[in-house]
Amino acid sequence: MQGLQALLDDVWAELQGRDERGEVATYIPELAKIDRGKFGIAVATPEGDTFCAGDADEAFSIQSISKVFVLTLALGRLGDTLWQRVGREPSGTAFNSIVQLEHERGIPRNPFINAGAIVATDVVLAGHEPREAIGEILRFAQFVADDDSIRIDPDVARSESDTGFRNRALANYMSAFGNLKHPVEKVLGVYFHQCAIAMSCRQLARAGLFLATGGCMPITGQNVISSRRARRINALMLTCGHYDGSGDFAFRVGLPGKSGVGGGILAIAPGKASIAVWSPGLNANGNSMLGSLALEGIAQRAGWSVFGP
Amino acid sequence: MQGLQALLDDVWAELQGRDERGEVATYIPELAKIDRGKFGIAVATPEGDTFCAGDADEAFSIQSISKVFVLTLALGRLGDTLWQRVGREPSGTAFNSIVQLEHERGIPRNPFINAGAIVATDVVLAGHEPREAIGEILRFAQFVADDDSIRIDPDVARSESDTGFRNRALANYMSAFGNLKHPVEKVLGVYFHQCAIAMSCRQLARAGLFLATGGCMPITGQNVISSRRARRINALMLTCGHYDGSGDFAFRVGLPGKSGVGGGILAIAPGKASIAVWSPGLNANGNSMLGSLALEGIAQRAGWSVFGP
Amino acid sequence: MQGLQALLDDVWAELQGRDERGEVATYIPELAKIDRGKFGIAVATPEGDTFCAGDADEAFSIQSISKVFVLTLALGRLGDTLWQRVGREPSGTAFNSIVQLEHERGIPRNPFINAGAIVATDVVLAGHEPREAIGEILRFAQFVADDDSIRIDPDVARSESDTGFRNRALANYMSAFGNLKHPVEKVLGVYFHQCAIAMSCRQLARAGLFLATGGCMPITGQNVISSRRARRINALMLTCGHYDGSGDFAFRVGLPGKSGVGGGILAIAPGKASIAVWSPGLNANGNSMLGSLALEGIAQRAGWSVFGP
Amino acid sequence: MQGLQALLDDVWAELQGRDERGEVATYIPELAKIDRGKFGIAVATPEGDTFCAGDADEAFSIQSISKVFVLTLALGRLGDTLWQRVGREPSGTAFNSIVQLEHERGIPRNPFINAGAIVATDVVLAGHEPREAIGEILRFAQFVADDDSIRIDPDVARSESDTGFRNRALANYMSAFGNLKHPVEKVLGVYFHQCAIAMSCRQLARAGLFLATGGCMPITGQNVISSRRARRINALMLTCGHYDGSGDFAFRVGLPGKSGVGGGILAIAPGKASIAVWSPGLNANGNSMLGSLALEGIAQRAGWSVFGP
C-alpha cells in the first residue's frame, strides 16, 4: 500500500476536476451560498496522525453528522433504555418522512433520521435549559475533536428554525404519542443549534476517532465510551447513516458513515482510521456526491472495507 | 481467546437449556413438525477446519438462506446490470410486503426479500427449463459446500407451492411491470425448489466460506467470485439479510448474515470464519431466536464484529 | 324544463365538437383500436321511454360497469353476509392498488374496485363451473336490459386474461388471506369474461333502470331486488363508483354512477331515470371525459342531482 | 307517513333504552365528563317548523360539524379556487392521518378532515386577526341558526389547544409545503375556537336548513349561498362527512351528514329537512352511535334517502 498521504492526494486529484458534483442544498441561504467547488479530505489514525487533502481546514456546517455526537450523549444518559423510545432499523423512506411515525405510533425508526435525533436531543435536554444543553453538545464535539475552537453558526441555527416546519410537524407528532418529554420549541431550539455546528474535515476526522478505536481517544488515552458501545454506534451508522441510500453506501464504500446535508460525511474504518470528507454537491439521496466517491476510493485503495479483503 | 471448539461448546451449553425459543414456522406441515429442541452450530475457517456443536450434522430446510446462493449465480449471469431490476436498500417492511413494489413500480428493494429473490431466480432461469435451473442452483450449493450429498426436499417444495399465494401475488405484480422475463409459474417452480434445499450446519458453514475469504474456496484454491463481489454480497447481507430485523442483527451481532424461516442463519466474519447456526424457533422478526443469540455470543467472545475491537 | 330528447340533443351537440377528450385505454388492443370520436347517450325513464343521442346503439365493452350487475347477483346469493368479505368504504387509492389489501388483511375496501369485484365473482361462482357462472352473469344483464342480444366479446376476454397480471396478484393476495373460496384461475376466468360484456348505451340505460325505480323493472313489473337494496347499491355507486374520482363525480354530477375503462358510465337518478353515456377517451382518474361532462350537463339541466334543487 | 313529531318520538323511544352506546371521547376533560345518557333529536323543515325529541335544547360541543360552516365561509371568500388548496375525495384513512398529506404534498384530501378544515380556517383568517375571524365564524353560525345566543365554550377551546399536538403536526406539515398563509399558531387559535362552538340540536337543525333548501333561509327568505353550492356542499358531506365511516353512513342512512367527536351529527335531506342528533357515545369510526342509528331510523321511516324510494 502506498502511504496514506499519497493515497489521499491521488483520490483528491482524481475527483477534483469532476464536473458532475450534484446540487448544493438550498433550503436555507447559508447552505445555498457555499461554493460547490469546495472539496476536502482528512484521515485521522489511531497513531495520532492526521492526513489531509484539499479544503480540509475550512469549517462547514456538519448538519446531520451531529446526530452521531448527540446519540453518544443520549446513550450516556439513558443507556439501553433509549431504545424504548427510538428504533434501530433502517428507515426505508425519505429522511423527513412522517409516515413511519404514524405506523409505529411515534417511535422513530432509528436515531439518524430527523425524528430519532429529535428524541435523542430531548434526552440530552433532561434537567437542562436549552442553552445549557446546546453548550453540552458543543463541548462534547470540542472534547472528542480535542479542539476548543469549534463553534456553532448562529445564522444557520436561525435559518434552520425559520424553515423548520417539517421538524416541527415531526416533533408535535411525537408529542402526540408522548415520546417527547419537553416542550416542542425547547427541544427544537437545541436541535436546530446542534445542526449548525461548524467543523473542518480535520476537526471532524479527529472527533470521530473514538469510534474507530473501541471508544478511546488514542492520544490522551481518555475513554469516551465502551468498545461495545462504539461497535454498536458503528453498526447503526452502517445500516442507517445515509437515509434511503444506506444500503448503497454500504455496498459501495463498505464503512460505517454518517452524512450531512451540508456535504460532509464522517466514515469509520474500525481499528484503522476516522475519515471526514466534504463537498457541498449532493446526490439524489441527499449525500455528498464527491464525498461518497472519495470514500469509495479511499476504502478500496486502503483495503479498509469492513466486509473483507 | 479460548480455542474455537471450546468457545462453541460454551455458547451451545449456555443456550441449550433455554426455554424461550420462539415459535416454529407453521405455514407448511414439513416445517411445523420439526422438533423445536434442535440446536446446532458450525464454524468453518479459512484454514480448512470446521468446528461443530449440537445438532450440526442434521439437515434442515435452508429456505431464504438459498437467496445468497441464487444472488451469487444471478450476479455471475448479469453482473451489475442486475441492479437495474432489483435495489440494494433495506426494505423497512415485512418480508413478503407488496406495498414497496407498488411504490417503486415493480423493482424490489433488495435481493434478500422474496420479491427480489424471485427476480434473481428469473435471471438464473434464462436459457433453461425450470428443471435445469433447479439443478444448477443445487449443484452450486454442492460445489461451494464441497459436498455432493446435499439434496432438495420434494415435500417441502410441494408444500411451498401449495401455499405460495403471496409469492404468486408478488410474481404477478412484478410481471405487470415487466420485471419478470419468464412465465410466473416457471419462475416460482424454481423458486419453491431452491427454498427446499436441505443442508446441515456443517455443510452450510462450509458453503459460506467463500464469502469470508474474498471469493476463494480456501481448501481447493478455486475462485468462486472476485473479492470485490464477495465484499458487496456481505454488505447486502448486513443491511438486508434479516428482513425488518436487519438493523437489530447488525447492532447485536455485528456480522453479515442471512436467515431462513426454517431456523437457520448463515453469518460471515470476513477473513475469520463462516458460521452456520440452526434452531427452529423464531423471534418476532422471523429469525431464529436461539440462532441469533448464539451468533451474538460467538461474535462477542471471538471478537469477530466487523464494527471494531 | 325542455323535453328530455331536446335536452339530450343539446348536451350531445355542445360536447360532440370538443377536441380534448382524454386518452383511450391501451392495455389491450381491443380497447386501443376503438375510435375515440364515438359518443353516445341514452336515458331510460320509469315510464318506459328511452331517449338517445349520438352513437347510442353501438355496443362497447362495459368493463367495470359489470361490477354493478355482479354485486347485485352476489348480494342475491349471500345477502348482508357479503359485507364480511368486502368493505363499503371509498378506496382512496388507485383502482388496482394492492396496498389497502395488505393493510386490511385481504378484505377489499368496496365491491367496485377490482379486488372487491373479484370477491363478488367468487361468490357468484359458488356451486358452478366457470362457464355456468359466466352464463348466469350474462343472462342477468340480458334480463335487466330486457334484451337477449347482449353478448360477451371473446377477444376482449382473452386479452384481459393475457394482460391480467395485476388482477392475478390481487386474487392470489386475497387467497393468501383465505378470502377466495375457489381457485384463482377459475375466479379470474369468470371475472375476465364479465368485463368483456358488450352493450350499447340504449341497452345499458335500460339495464340500470331497476336501480332508479326501487328495484322494479317498470315495464314488466318484475321485481329484481328490494327498494332498500336498490338504495344501498346506489349509495355504493355514489361513494365508490369512480375509483379515486368518486368524490369529484359526486361533486360535479351529483348522481350515483359506475364507470368502465371502455369509456362507458352508468348513472342513476333515483325515481327519475337511468342514464348511460359512452365516449372512449378517459380523464386522469380513468373515467370517460366526455361522458362525465355529459352527465354533469344532463343532471344540471334536468335538475336530477340527489343533493338538492 | 305518520306525523314527523310522532316519528321522532318513536325513534327516540326505541333507542333511548339501549345500553350499547359506544365510548365518550376522552381526549379533553370537557368532553369526557359529558353524561353519556344524553340523547336529543331535532328536525327543521323548509316550512319553518322544528320538531324535537329528548335533550334537543341542551347545548353540546359541535366540534367537527363546525367544518361545514367554515367551508361555507371559505368558499364565500375564494370560490372554486379553494379547490387548488384542498381536495374533494374521501380520505380512506383515520381522521387525523398525516400520511395522505405526505403523499399528496401538503394538499389535504377534503375539507372535512382536520387538515382540510385547517386550510379552510386559514382562508377565513385572511385579512383578520384571529379574534376577528373567530367572531366571524361564530356570527355565521348565529346567523344561519337565527339565534344570537350561540356561544363558544372557552374551556373546550383551551383544552383543544393544550392537547392539539396532532393538529400542530398537520399544520406545520402543510406550512412546509406552503399551503398555509398565516402562522401556524394563529390558524390553530381560530381552529380550536371553532371546534368549541356549543349548540343544541334545535339550533343546529335550524342552522343546517339552508343546505336543504337550495341555499335559502326559508323563514327570512335570505339567500346564504347559491343552490349549486348547496348541492356541492351536500355532496362533500355525503362522500367525506364521516371520516373512514363515510361509505357506511351513506349505505345505512342515505343522507349527506357531518359528525363531530362531541357526539353530534347534522344530516341534510335535500328539499325535505335538516336533522340534528346528539348522543355522546361514539362508534369505532368516531361517530355518534345512537345518533347514527336515529338518523337511519328517521331517514327510513320518512323515506328521505337521497338514493331512492
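By written order: A, B, C and D. Residues from 1 in each chain.
Methods note: contacts are C-beta pairs under 8 Å (C-beta built on N, C-alpha and C of every residue); 3 or more make two chains touch, one makes a residue touch a chain.
Values in this document were obtained by computation on a predicted structure and should not be read as measured data.
Chemist: If I average the CA coordinates per chain, which chain comes out farthest from chain C?
Modeler: So the farthest one, by centre of C-alpha atoms, is A.
Chemist: Quick check: how many Å separate the C-alpha centres of chain C and chain D?
Modeler: Taking the average C-alpha coordinate of chain C and of chain D, the gap between them is 32 Å.
Chemist: Take the average of all CA coordinates in chain A, do the same for chain D, and state the distance between these two points in whole angstrom.
Modeler: Centre separation, chain A to chain D: 48 Å.
Chemist: Need the CA-centroid distance for the pair chain A / chain C, whole Å please.
Modeler: 55
Chemist: What's the complete list of touching chain pairs for this entry?
Modeler: Going through each pair of chains, those in contact are A-B, A-D, B-C, C-D.
Chemist: How about chain D: which of its residues touch chain C in the complex?
Modeler: It comes out as residues 87-93, 100, 109-110, 211-214, 227, 230-232, 234-236, 238-240, 244-248, 250-251, 254, 256, 268, 270-271, 305-309.
Chemist: For chain A, which residues count as touching chain D in their complex?
Modeler: 97-99, 102, 165-166, 168-170, 172-173, 175-176, 184
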